[in-house]
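Mind having a look at this structure? Questions to follow.
Chain nomenclature is as follows: A, B, C and D, assigned in order of appearance, with residue numbering initiated at 1 for each chain independently.
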């Protein structure tokens, strides 16, 4: 078994999700490579030590530059706030490290371009953690489209609804809340939630041409955790946009943290000439499927419990038995498995930095459209 | 257009449901016959007059014997409490009237036999209002079974759950509450609710061989509305039974008025070798269908919105457009349409009295089994 | 009982739905007025006669001007294609007739203004058949909002999805297909389907400020039934728009006839500070409700079967018993009941022509936005 | 951190589920103890070695007696076929090992009694892997009942439906198929699936008094994998029974491997005076809850996504963020966490062998009832 020596930078929510994936992947997947948890890096040494102990990291660093310098590290996993991705990734690329970067790739398109150039120049394997592609039901949606089950696509609609920032008493910024701080996050729901929706959409439905967007910040001022002062909220609390795809289909996208009753309701639906697909993160192990080719009187939306074996349902023959569901964390395990597999095959595991740049360009167009109040073209990513 | 002159006896809930069906059927169905609302009969003259006015009955009677005697009446519709069905039906048959009788047919099997003999001797068209057979989704279930979609049947399970008698303050007996009075109703949930489940089951799955049942009366005493006294409750509040069908399938049946949260949840599910069916009265316009012959990875329960035209979905081409649902009352309209059609074709519209006698025999076996604590054979109905 | 003598113009799908409502309303509602079906008008005398016979209309006309002239008509019900509404309604108003007009009110705002002026000058009761307001679950949504259950509204989202025009072989224009002919319909899904969504939204969420829309015609040419020639399709097959309401909420609206798998899926969801509501025409008897004030661990979307009595659920005490659902047609019966009630009380039954004009202004802004590719203000309706 | 040195006997489906739990528990739970994977035992040395390598077991044995003899083992985990549980467990108890035994406890009640006596005499911690108690939604159901939310219980109904043995070509016996071999399994669905339903029911609803059951073997003969001969199938393919609980409630239970369309549909519903609960293994992260104390017009079944933090939803604060679901395997992790916790607190983690014996007595009564065709009392477990 070959070892992939990993250093993780950041120990928050995503640090746990990725570490869990590294630890479990070889129990379930037969692979040539296995992750070796070499180091964790965090500014707080105490927290890094505690994290290393819990997850089995061999060593601890408090400056990410030390990670880059160490020659016993093969791959760097970036789990820090968005505004730090570029600097770390570019340095890591220069040092010849593979990079697994949390999403969104960057603060904006121009920054993303630099990151893409860096990894491509260095020829290092690179991947962005848009994990929802590897939920089995979503992967199956991709396969159904590739098998031309849907025919010409007419409509795509996606939303990602949450309700955790409705209270005006919630502060902005600081540990666990940097997603509410525009300086750290770049944007609000657009980069945090819509980026997921956009990544999936580009993967399933191809490139986007143009968008018309609106954003809103419902709570105008919040206390900032770091300064203690009440300051203007700079992020978007909600964002909705219309889009036209290159394949001629029309789309609507929406995201908000003010949709009472929804915790993490990411849904998408695709309507094709022959068939339609619907998926919902709140019941992620199911795919809804409608096929017009079914006999007339028996047509109906099928609720497919995506838990079968025998290669029928993506990734599921690695797990339990039909009918027994897996959860959110498994999407990360699948992504690690595919990344490790890619080291053997030499075929990149998507989304690469370049793939993720395309999402960044859509986000840029969305934010620009909302600001200007006009339709905006989406910048093309060279291929 | 030929007229069928109808007299209805009883003006309660079912009196309304039937009257509505008579009034609407020819607006939607093309038939040779149309109902003419000749008379309504009720002991209270005032109430009969009010009912006649509201629904357009031409005349009023306060003694059902007068209805039988009148020679301007073709058909008698019996909507009175269960303990009166036999006497009225037998008299009506002797007078040569067609009979549409509310369910259950009778207080028990022996009484039912007399009714069957009376209508068959008189050769009068006869039908019992087990209306759920004519919910389009249920009729379609019947068709799917006839088309041998399910293959060998392994399992049948049905339940009818309500929650309206949980309060100990609810009285028994009297207007609107005769269903709680064993003298008027014969039994509790067995004859009121399970009889529906049994009728559908016999229709869809054939004859039943034997049963093992249990019943319970949770509230032992209630004030009786008519006497004002607190007396023993004689009906069954809940009844569940196991059954074996002649086709080798196993079944469970359950009914109660103590299932908090369910208003009128009649559901049935049939599991066959190749396919399964599920239906639910709370969403009666849908049929759930699973077909093992579907391609493996795309198998799932289909939620069929039974509202299509073109003969695809039973009865639905008479109504609105696909996607627009009909309701409870339409099952009665369909039953009237089929009854009127049967007068033209000469082919009886089921369930006839003889069909309903079979349900009665199952109820007898169920109540006997519960009383004796042992399995009971179901008496056969000659054909 | 006072009689309201009605003449109906048009005998298509809506002619049936309205006639059914007129015939049934007094069987279930206690009202001072009852409809008297005085006349039906259609260009084809034979069809009018057949319709009159089926539904019990006393007389037949083949020129709508004759209806206007007759002094034995109190109210005119306009069920003809959209391009004829204005002329008939204005003439009827001048003749002092009450008017019940099918939706949408008019071909566009300017035409609608003339209609509003005519009925208001003539002081005749007037109403537009946006029937979905009277689905009990939708009426209950209105009550919950009036009771301030939701608090500040953040989001509104509605869609109306169909799939019946995907085949390129479907012709445009002619009987039953005038909805595909821009000359008769004015627009495609915008006036046909989105108008319903907009009417409900304005009723539930107040006025709209501005919109950004896109439309598409997927099949560019179709054979025209009347001419036999293949001509350009002028209607919008799909339309989606972003909107901002006056109350500060953000909205998305979408409609299409190319959403495979959906027959008539009109859904809306409202997210408020404290509670959220979701409704779906495919299961119209249910309301989904989430209340953040529920105890934390027990919070969840409630599936309310809107069939209770005792005034709890709007209109439902007129129908059957809890748990037994009603259907699409009942929304029209409720609307007739409310209209008849309004004649007694003198309080108009909405939506009036003026109410419906507001919907027209939104449609105008939507179509203009789609054409120009820019945000458009919605014209204000004076009140 | 104290180490619990574990030896696992058997490396099949459950061997994997348990090993995964041991490896993950300390990543997510803060506990005094951590499992140390000391040894795996299997008759096939090669398979044992491969399993040890994959899951990190330190050593390998091919005779379980060696495990018992080793003094570097604290706890034995029995994952072998049912007919071996007693011998291994009794020997382990005598050797002073803690025991975690797969369900069902034993082949029958008398054998179970011996096991209970052995562990209680040896005073070793003992537990049976009825893992569904630790699905968060199920644990929450238990809490709701303890909080007296439901009031008096009227009804309990459970079923466990599968469809994997419908094909007559499926052989019986041998690796992976010992569950179809009566000699290894003791019974069919009764011990395999109904035992789960019974364990949960006894936990949630208290003791059972009496049962009336029926069983069926649909495919009478199957080829036996080990002998290659077609022999009689001795197990029950399906089993249904009626039950009366000590608290006066009525129950129905059903299990089968012939319910086309259901992979592992374990559901239970409890109807109480004030509230009802429904749960479903196919969507295990949800609990359906109906509370009659809700305001009348807003009563409905709540679909609770059991993924909240802050102690609101059992176990969930150890995992991800609200809205992100966990899966089947987590029930085992929770059970290990509770077992490790019990070593610190000294309070046993249920179900103990004695708890599981009660389930065995119900199974005995069920099988006896089915054989004799009569109601059977359930033997009492002394406490």
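Here is the rule we use: a residue touches a chain if its C-beta (ideal position, glycine included) is under 8 Å from a C-beta of that chain, and two chains touch if they have at least 3 such contacts.
Model, not experiment: these values are computed from the prediction.
Engineer: Is the C-beta contact count larger for A-B or for B-D?
Structural biologist: B-D
Engineer: Measuring between Cα centroids, what's the chain most distant from subunit B?
Structural biologist: Following the centroid criterion, the farthest chain would be A.
Engineer: Would you kindly tell me how far, in whole Å, the mean C-alpha position of subunit C lies from that of subunit B?
Structural biologist: Taking the mean C-alpha position of each chain, the two centres sit 36 Å apart.
Engineer: Please tell me the distance, in whole Å, between the geometric centres of subunit A and subunit B computed from their C-alpha atoms.
Structural biologist: Result: the chain centres lie 55 Å from each other.
Engineer: How far is the middle of subunit B from the middle of subunit D, if each middle is the mean of its Cα atoms, in Å?
Structural biologist: 42
Engineer: So which bits of subunit B are touching at least two other chains?
Structural biologist: Counting only residues that touch two or more other chains, subunit B contributes 262, 299, 301, 305, 308.
Engineer: So what shape is it, when you link every pair of chains that touch: line, ring, star, complete or other?
Structural biologist: complete
Engineer: Under the touch definition given earlier, write down the residues of subunit D that touch subunit B in their complex.
Structural biologist: Per the touch definition, subunit D meets subunit B at residues 150, 154-155, 157, 159, 161, 163, 166, 212-214, 216, 218, 238, 240-242, 244, 248, 250, 252, 254, 256, 258-262, 271-276, 290, 292, 299, 301, 373-375.
Engineer: Mind listing the subunit D positions that touch subunit A in their complex?
Structural biologist: Residue list for subunit D touching subunit A: 13, 16-17, 19-20, 23-24, 26-27, 54-55, 162, 164, 262-265, 281-286, 305, 307-308, 319-330.
Engineer: Which positions of subunit A touch subunit B when the two form their complex?
Structural biologist: Per the stated touch rule, the residues are 140, 287, 289, 291, 294, 296-305, 308, 310, 312-313.
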